[in-house]
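See the structures that follow.
There are two complexes below, and they share chain A, which is joined by chain B in the first and by chain C in the second.
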Partner chain A sequence: MGERMEAFLSALLLQAGFNTTLVSLGAALLGASAGAIGTFVLLRKRSLVSDAISHATLPGLAGAFIAMALWTGNGRWMPGLLVGSALSAALGILAVEWITRRTRLTEDTAIGAVLSVFFGFGTVIVTVIQSLSTGGQAGITGFLVGSTAGMLRSEAELIAVTAALLGVAIFLLRRPFTLVCFDQDYAATRGIDVRLTDLAMMGLTLAVTVIGLKVAGLVLIVALIIIPPVAARFWTNRPERMVVVASAIGAVSAYLGAVISSTGPGLPTGALIVLVAFALFSVSLVFSPVRGLLAGTIERVVLSRRIHERQGLLALARGEPIHDPLTRRVLRRRGYVRADGVATEAGGRAASAAVLDEALWAAYRRRFPDEAAAEPRQGLVPIADAVPPDLLATLRGELRPSGARA
Partner chain B sequence: MSSTGNPRLAASNGRRLADDRAGSPFAIRGLSVSYGGKPVLFSVDYTAPPGAMIAIVGPNGAGKSTLIKAALGIVPRLSGEVSVFGRDVAKARPRIAYVPQRASVDWDFPATVLDVVLMGLYREIGLFRFAGRRHEEAARACLERVGMAAFADRQIGQLSGGQQQRVFLARALAQEADLYIMDEPFAGVDAATERAIIGVLKALNRAGKTLICVHHDLSTVPDYFDHVLLINGRRIADGPVATTFTEESLQATYGGRLATAQIDQLAARPAAGA
Partner chain C sequence: MTGETFVMLNLVPLGVGILASVACALLGNFLVLRRQALVGDAISHVVLPGIVGAFLLTGTIAAGAMLAGAAVAALAAILLIEVIRKAGRIEPGAAMGVVFTALFAAGVLMLEQSNARSVHLDVEHALYGNLESIVWFSAQGWGSLVDPAALADLPPQLPRLALVVCAVLLFVVAFWKELFIGTFDAAFAESVGARPGPVGLALIVMVAMVSVMAFDAVGAIIVIAMFICPAGAARLMTDRLVPQLAWSVAFAVAAAVIGYGLAAWGPLWIGMASSVSAAGMIATASGVILMLACLAGPKRRGVRVAA
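On to the complex of A and B.
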């Protein structure tokens, strides 16, 4: 066990030999590119298309393996496998697009059909490969769930360099991508060719998928494209930052996944990457200050306390008894009532202040109905915190003649 | 405004219609569009006079939005030519600002109000650079003009319908265009927003810009616009509101679907210049 930990630490700190380091860095670059293009795929609401792409690589991958095995005797040459995968994935996207445009079938139906047919076809070819006696068959299964063990140095370099180039391309295209994702009609009026932009987006997704096959595996690469942006959405409300955060999450997931899988034989890299990404997603889901579950719960609790406090104070001002246990607890904790429910001196002052504040809010609604309608905090915060001082003075002036007093 | 007159009359003054279209901010000829096998617009001709404030009016499904979308190349056209300031529409894009319908986008998109307005500066910022302080200031100035300066850093999902519409208008302002084409800018907005938007539009018009709005509220046409284009699948009539926005042409446009009471109410209003 201690040996495992040592191996993990040395790999994490890039001390585990040149090849492992190269593979881990290549995986990190791949994860960053996947997170970046995934952000746009997600915002374009085409996450499923990336699933179709990855499954559609299998017939090309297996076909290229057979072709190369028969011609050269070595079916495992990676550039050849990648070209084969890319070709059949491109065919898959074209099939999805053709079905969607030319028939009445919806895109999800087309994706389901294309994905399963291509994957089924690919599986048949893989079975044929396993019955051949060419050797190197084990190399093909590594592409299903991802395996970085025994990856050649040239392969790791190819992945790293291509991932970096794809990252640059995504960066350069980020603005047309963002415009098309947000509002494709408006983008068209600005002279952006929407179809070409979509094509570029799908082309980059395809490229990331293909170079990620060996690392993450074709069943799981879609997770590396989709989970990082979904997690990133919890941390930011701005498009360019979302790309950056998703890249970072993708890079960390892929890096850690590769490092962990290097510590023991037979650990599938793709599965480990997905598990790390899922852990980061879970942390985001719960702890994000922007849209996280925890922040949402705290907000609801604070809101509920505020409403109870306000209602309780208004009831005190009217001299009504308070029965709601939460209201009593809130007032008690603030020192506004005694244990027997009788108002303290501070409670009396707070109650009068609440009555005045309610009157000011009412005046605001009368005088400026449109602005008041856009203010969600009515009656929840003192009006002085919600409107500028000059407006507050106007509202106070409004109250005076009618005889309301503090 | 209407003293510039009907371009067709000017055209008869020894010049051909083609010459006249050359000076028009927006001219279409023989525009036909269909969705699937269903024709929506059939051979529409229209030449907008320069500096006009134009309402495109017609019943639901008349092809009002389709007309502007096809003219701008958002939906494919079956036939027809479109010229903007005498040039092909594709070449005149920098001079056109389009304001789509509010409901056409997903407001949960990760963007702030400022991000959306910065999209209007897409060309100035360029492909490779990030938005600089100059661009942000320009965007904030546009938000100021629509009364949304205080909302610059809000997430767009938190806006009300009227505020969303104001943001779209601010984005169009950022483009500093000469022709503004808007799809129902007053649909589903509150009264204060409607006043704010019409104020901005009239100011643009006074500055010599041409504005074309798809508009559904017949009662405000005479107050807001000086020209009108009536369509229902085909062009029914166009011209100054005073002479074209009449009971006769409205009945022709709505095919008797307009209640007589509505027409009476409109006729009772002092149509501008009549």
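On to the complex of A and C.
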């Protein structure tokens, strides 16, 4: 275990030899590009199209392997494999489009059909490879669940450089992508070709997928496109920040995954990258201040306390007994009632204040029904915190004639 | 090809292929109509960690343990997808993508780390399936079908999948009303007390069960083709549910028979030495059937509702 820890630390700090370092950095660049394009794909609600793309690479990958093995005797030349993958993945995207456009089948059915049928057909070609040669299938298996072990230096360089170029392309296209994601009609009036932009988005997704095949594997590369943006969604509502956060999460996941995977056998790169990404996602899901589970729970508890306090005070003002245990507990803690449920002096004052506040809220609703309906905090916070002082003065004036009621 | 070798080498895999295909296609109709085709995708991936987890806990590859493991994994996945969807206001597709890739990755890692590989479980197997390996060793010919001694040695996958098909049929018949109304109008189903929620969940558990049983024959991904393609093609043939179910079963049988035949004997016809992946060829055949239905199915366009 100590040995493995040492290996992990040296790989983490880029001290584990040139190839491991190159592979880890290439993976990080790939993760960043995947997170960035994934953000737009998520906002365009097409995340699972990338699932069809990644599975549809298999027939092209295996086909290219056979073609190269027959012509040159070496089926493992990576650029050739990637071109083959890209071609069949493109065919897969077209098939999804064709099915959804031409028939009444929905997009989910088209995606599921394309990904499984292409994968099945790829499996057939893989078995042909297995029957042709004995050492060949090893070159293909690495593409299934990702394997950076024994990756050639030229392959790592190809991945790193292409991932960086794709990152630049995504950066340049961020404006049209954002516009099309949020309002395609408006984007069209601004002179953006929506179809072309969508095509570019899918093309970049395809390119990232194909480049990532060897690192993350064709079954799991889709996770690098989906998980980082979904995690980023928990930290911000602004698309430009979301792209940055998703890229960072993608880069860290891919980097750590590659590093951990390099420390020993039986640690498939793709699976580790996905699990690191999922761990980061889980942290976001629970702890994000924007919409995390913890923040949401706290907010709910605070809200429920506030409602119980307000309703309890109003009941005190009406002289009604309070039976609800939570209401009693809340009022007790604030020192508004004694243990036997009788109001304290402070409770009496707070109760009259609550009644006055309710009356002001009611006046606000009468006078400005539209504005009041748009105010989510009505009856929950003192009205003085919710409306500007001049409006408050108007409402107070409104109350005076009927002030005898309060 | 003599009857003897056919019964020994091909009869059982062919039967397993047909039964798995039919069981998947029946449930697939409801997935396709409910726009839950990708739930089938997610569940079939999630089955892997369930199976490996069950193996690591119990140390056996008994069907019961695997079923339980897969059912637990499927329910956990559904729960997690709901949490993510609600908490993050994330579209269901992306929430599904997060959960099933993460669980599948966990399954792959467990598989690589454990020694489960030694007992017939490995990553390639999980992805490709291996229909051809189900051989009936003691079969002597067609006579073995009525020979108790040979039947005792019948590979267990075949009777198991026959049971699965019966279970699926029973499920569809017993919950016909709920499935039918819940599929077309969930709100109405709720109002007449047809409990669309629990029945929808039961549908997903059935999908998980069928995925497990088909898993070791056809693998995690090709089973998706069995769920979706025959049902999708049937959807383009008719507007009525019962005929659609019938079409889907017919397509499923056709895909299995044609696919298996092409895989086992096709390569020999063109002079290749050995056969190719039967599961992959069945998926390919079902894809071709779907493509033909897309080109010529009488109901391929459907009713366009103005938005």
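In the analysis below, the second predicted complex is superposed on the first by the 400 of 406 C-alpha atoms of A that agree within 3 Å, B and C clash if a C-alpha of one lies under 4 Å from a C-alpha of the other, contacts with A are read in each partner's own complex, and residues count from 1 in each chain.
What we mean here is this: a contact is a pair of C-beta atoms (placed from the backbone, for glycine too) under 8 Å apart; a residue touches a chain by one contact, two chains touch by 3 or more.
These numbers come from a predicted model, not from an experiment.
K.L.:
Taking chain A as the common reference, can chain B and chain C both be placed on it without clashing, or not? Answer clash or fit.
P.N.:
With chain A as the common anchor, chain B and chain C both fit in the superposed model.
K.L.:
With both complexes superposed on chain A, which partner does A:236 reach: first (chain B), second (chain C), both or neither?
P.N.:
first
K.L.:
Check whether A:307 is in contact with chain B, with chain C, with both or with neither, and answer first, second, both or neither.
P.N.:
Neither chain B nor chain C is touched by A:307.
K.L.:
Mind checking the angle chain B, chain A, chain C on Cα centres after superposing, to the nearest 10 degrees?
P.N.:
100
K.L.:
Examine A:244 and indicate which partner it touches, taking first as chain B and second as chain C; both and neither are also allowed.
P.N.:
After superposing on A, A:244 lies clear of both chain B and chain C.
K.L.:
For A:399, is the partner it touches chain B (first), chain C (second), both, or none of the two (neither)?
P.N.:
Neither partner.
K.L.:
Would you check which partner chain A:275 touches, where first means chain B only, second means chain C only, and both and neither mean what they say?
P.N.:
In the superposed model, A:275 contacts chain C only, not chain B.
K.L.:
Quick check on the superposed pair: does A:120 touch chain B, chain C, both, or neither? Answer first, second, both or neither.
P.N.:
Touch partner of A:120: chain C, not chain B.
K.L.:
Determine, under the contact definition given at the top, whether A:191 touches first (chain B), second (chain C), both, or neither.
P.N.:
first
K.L.:
After superposition on the shared chain, which partner residues are touched by A:111: those of chain B (first), chain C (second), both, or neither?
P.N.:
Second partner only.
K.L.:
Among the partners chain B and chain C, which is in contact with a greater number of residues of chain A?
P.N.:
C
K.L.:
Shortest C-alpha to C-alpha distance from chain B to chain C once the two structures are superposed, in angstrom?
P.N.:
Minimum over all C-alpha pairs of chain B and chain C: 7 Å.
K.L.:
Show which residues of chain A both chain B and chain C reach, each in its own complex.
P.N.:
45, 233
K.L.:
Mind pulling up the chain A residues that touch chain C in the complex?
P.N.:
Chain A residues touching chain C: 42, 45, 47-48, 51, 55, 98-99, 102-106, 108-109, 111-113, 115-124, 126-128, 131, 141, 144-145, 219-220, 222-223, 226-227, 229-230, 233-234, 266-268, 270-275, 277-278, 281, 285, 291-293, 296.
K.L.:
Can you tell me which positions in chain B touch chain A when the two form their complex?
P.N.:
Listed in rising order, the residues are 69, 72-74, 90, 93, 96, 98, 100, 104-106, 109-112, 115-116, 119, 122-123, 125, 127-128, 130, 155, 160, 163, 190-193.
K.L.:
Contact residues on chain A for chain B in the complex?
P.N.:
43, 45, 172, 175-176, 178-179, 181-183, 185-186, 188-191, 233, 236-240, 242, 370-371, 373-374
K.L.:
Spell out the residues on chain C that touch chain A in their complex, using ranges where they run on.
P.N.:
Residues 32, 35-38, 40-41, 45, 83-84, 87-91, 93-98, 101-102, 104-106, 108-109, 112-113, 123-124, 127-128, 219, 221-225, 227-229, 232, 235-236, 263, 267, 272-277, 279-284, 286-287, 290, 294, 297, 299-303.
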